[in-house]
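Pasting a structure below so you can have a look.
A, B, C and D are the chain letters, set down in written order, and residue numbers restart from 1 in every chain.
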Amino acid sequence: MKMPEMWETKITKIKPNEIRVRGYRLDELMGQVTFSEAIYLLFTGELPDKKIARLLDAIFISSIDHGVSPPSAQAAIISTSTGAPLNAAVAAGILSINDYHGGAIHNCMNVLQSAIEGLKSKDGIDSVANEVVEGFLQSKNRMPGIGHRVHTDDPRTKKLFELASNAGVAAEGVAMINAIAGAFERRGKILPINVDGAIAAILVDLDLPAELANAFFMIARMPGLCAHAYEEKTTQKPMRYIQISFHTYSGHEDREIEERK
Amino acid sequence: MKMPEMWETKITKIKPNEIRVRGYRLDELMGQVTFSEAIYLLFTGELPDKKIARLLDAIFISSIDHGVSPPSAQAAIISTSTGAPLNAAVAAGILSINDYHGGAIHNCMNVLQSAIEGLKSKDGIDSVANEVVEGFLQSKNRMPGIGHRVHTDDPRTKKLFELASNAGVAAEGVAMINAIAGAFERRGKILPINVDGAIAAILVDLDLPAELANAFFMIARMPGLCAHAYEEKTTQKPMRYIQISFHTYSGHEDREIEERK
Amino acid sequence: MKMPEMWETKITKIKPNEIRVRGYRLDELMGQVTFSEAIYLLFTGELPDKKIARLLDAIFISSIDHGVSPPSAQAAIISTSTGAPLNAAVAAGILSINDYHGGAIHNCMNVLQSAIEGLKSKDGIDSVANEVVEGFLQSKNRMPGIGHRVHTDDPRTKKLFELASNAGVAAEGVAMINAIAGAFERRGKILPINVDGAIAAILVDLDLPAELANAFFMIARMPGLCAHAYEEKTTQKPMRYIQISFHTYSGHEDREIEERK
Amino acid sequence: MKMPEMWETKITKIKPNEIRVRGYRLDELMGQVTFSEAIYLLFTGELPDKKIARLLDAIFISSIDHGVSPPSAQAAIISTSTGAPLNAAVAAGILSINDYHGGAIHNCMNVLQSAIEGLKSKDGIDSVANEVVEGFLQSKNRMPGIGHRVHTDDPRTKKLFELASNAGVAAEGVAMINAIAGAFERRGKILPINVDGAIAAILVDLDLPAELANAFFMIARMPGLCAHAYEEKTTQKPMRYIQISFHTYSGHEDREIEERK
């Protein structure tokens, strides 16, 4: 038997009847901060200021669901249809979040961070953006965070950039992805910045590490996956033939948010 | 080829450049509601009032992390140690959330709901609670939501019940689990209501379906799983021998929440 | 820190330069036994005789693949389409093997074992089978292992029973499922014993525990999941709209097995 | 609704009462070929000759289990301990098969294939091997398939190479990994070719694609994961503190394979 080595964790301290996350008592955080603020604390070690907190809520909400057609929702629905418990269905969904779905946030952050690095030695943001775009066009790869298979003008992007700007967060990341979209446009490619690209730009400006990018998407989408699995289980027969395009929306009609208590 | 049948979803409506969750435009929800409120909307079809919103935040925070020793954290850490991407590590964690870890919320809700049902035909809450406790003692099964392997007085429970009471939510569910803990105590078994039991009682009082119970735990714990996977990846060597008990906490020292901007 | 307790395993012994499975040196097993024989050894602690070995091969082959439409294949394909590595795609597939797909072997074994138990106190196999069928008809549940959404006369079943009979394995399990199918028929329900039912009956007659039933199906189907994930990755574009029914088979034309070297 | 496009699969053709894998009727394969042969058929489109068939069995057996300490076994055990059904436990195990555990086969195949490519323009195998080794030493990366944390002389490797040689399969792949191990030795690094390296070399010589490498390991280890999950479920209490090093082997004593019927 190998003698075990001691190892360290900096996240949470557990003592009988006391749980501290990043130094704060968990039961003191409860009631005083929002879930989004606690997530930021867990990841960065510090609580965000209130403006950033609201921006984080908007980020999570922006990706909370996108109907039944994203592959992660399909996988959760198919797994549920075979009788899977909720956690297995959701895990199947999470395993369908990769480079081409959800994972774009991570890859887009990498592109933006290296482009911003390039700013130091280049003539200006448009010149850097041109170079990025040329690289993608020549390699025939898609730029992650740009373009969408459904939306030509992603409403989530506009709102995220507006909130990031109001929070004083929007900086080089947001500027760079806009410059890149502009460079595509000058080449005749009118492509929207999608929600992944918008989140990537903002996470860059929040100084969050790219390795955590997919965490934001997975946390955001988790409730959506649960909702679809639950709907499948409670409204459909097991092992039905699921043809994903052949669905209609039969939920609440369009409405506006009213003032709440 | 079987001709596909049309099927229905009530959750989210997707049109080009318009996403509506339960009737509301997603970009209108962004900036106006918190992530927790959006989750409640997704699950129930309606936005919660502000008091319930704060309670939901507390529920999610109560289960956001419990250090490296819960099986779900261990699985995420072990998977990461083999070189897993974040989504695979987190999925391994989620697959370790079952009846004996996390799943207690679901099972406890079932117990509480059927006990509350029993109130209609029985003499009073203590009599029903006695019967529940006798049932568990005779079958030698553990009552889900009661007892903890670390905490004798779970600080999260106290806080959740306080917030549920302030929000005007605490009702039969909270009363019943307290009655059950009391019935155990009268039999010489002094066992704390654990955080799963507290959440179960409150979800009963919020009229949420037991089938969604594990969704609350999984959503809550997701950020914790991500944080542990990220810590493992960025601070440890791959394929180390991980002996879970042999760890120390080396993070931020104890501190109190200060007023924030 | 809790002091760790020692615990025991009976499966494999590891020493430097020596690996023993159930007492046998792994490198001695290699070259002398088939994969199926090694699996049986791992599960039961003993090597099977040669007749049973051939039957096990037939069991695994019977469930090795069923095209792109089973939910497990769909999940593996969808996950791959998002850029998943092979293990994540396969895990998504495995998470779609539950009560209504693959899991029938387990549930059917339970039914057969309790029916066989009933033989001790009942008048005969047909009387027991009648009772089983009445139970399912009254509860409107489907009998696991009986019926198929594609095949009316499952060719795998016939072959498995033939091989089980030749191997001298077919006994009460096979007799009971045939009696149950007969009892359905007497009630006007002509339903085939499907491959899950056939495997269940044979595993009962091999005295294998029902808790390992799904292991047989998952081991068998694993190569199929890998093959579909690999085909998707190497022949299709990422994030295509996958409508599972809209496929055609374009592989090797029908052929017969020729004598091999 | 997007109109679905037809798509093609070349693996399995399903008609009512007829299942054909790569052109062969599944029920004809049953009883005539081994599971390993059927796997090879599924992956390559053709049945292997009998010598290769025996080699494939040996490959699968070589990786069928390695006790409780590999991360994939740990994850399966931990997940089971929380009450997971078999498929979830096994999926957690599979998600712990990545670059540093199991995934070495894939990476080693890539190294070997590009080294063999280099043979065309270089002076000889030792010169190419030297270059490969220098590359790894300079980058301080580990060469996949070389070295083991337990074994200094991996018994599985010796046997696999012997069988590959007898089958007439051993060619450039096996020669190259031996040359690489030799080049390490000349630099004072005496490292065994591990089982992953041996399998990688043989799969190269069998002309199998590197993208399927992990399939071989996952298929091989699946029974091991099932066996550990089953042992945990049937012999241990839920939610025990599992310290992986603190185990002993208490299974069958050492024995030799006897002649079988």
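In this section, contacts are C-beta pairs under 8 Å (C-beta built on N, C-alpha and C of every residue); 3 or more make two chains touch, one makes a residue touch a chain.
The model shown is predicted, which means the values in this text are computed figures rather than measured ones.
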(request) Tell me which of C-D and A-D has more C-beta pairs in contact. (result) C-D
(request) For A-B, find its twin among C-D, B-D or A-C: the pair where over half of the contact pairs carry the same residue numbers. (result) C-D
(message) Measuring centre to centre with CA averages, how many angstrom lie between subunit B and subunit D?
(response) 39
(message) Rounded to a whole Å, what is the gap between the Cα centroids of subunit A and subunit D?
(response) 35
(request) Report, in whole Å, the distance between the mean C-alpha point of subunit C and the mean C-alpha point of subunit D. (result) 22
(request) Specify, in ascending order, the residues of subunit C that touch 2 or more different other chains. (result) 2, 4, 69, 85, 87-88, 91, 95, 97-98, 241-243, 245-246
(message) Can you tell me which positions in subunit B touch subunit A when the two form their complex?
(response) 2, 4-14, 16-36, 38-39, 42-43, 45, 47, 49-51, 54, 56-58, 60-62, 64-69, 85-88, 90-91, 94-95, 97-98, 150-156, 158-160, 162-163, 209, 211-212, 214-215, 218-220, 222-224, 226-228, 230-231, 233-236, 240-243, 245-257, 260-261
(request) Provide the residue numbers of subunit C that touch subunit B in the complex, in ascending order. (result) 1-2, 4, 85, 87-88, 91, 95, 243, 245-246
(request) Flag every residue of subunit A that touches subunit C in the complex, lowest number first. (result) 69, 71-72, 74-75, 78-79, 81-84, 88-89, 91-92, 95-103, 149, 238-239, 241-245
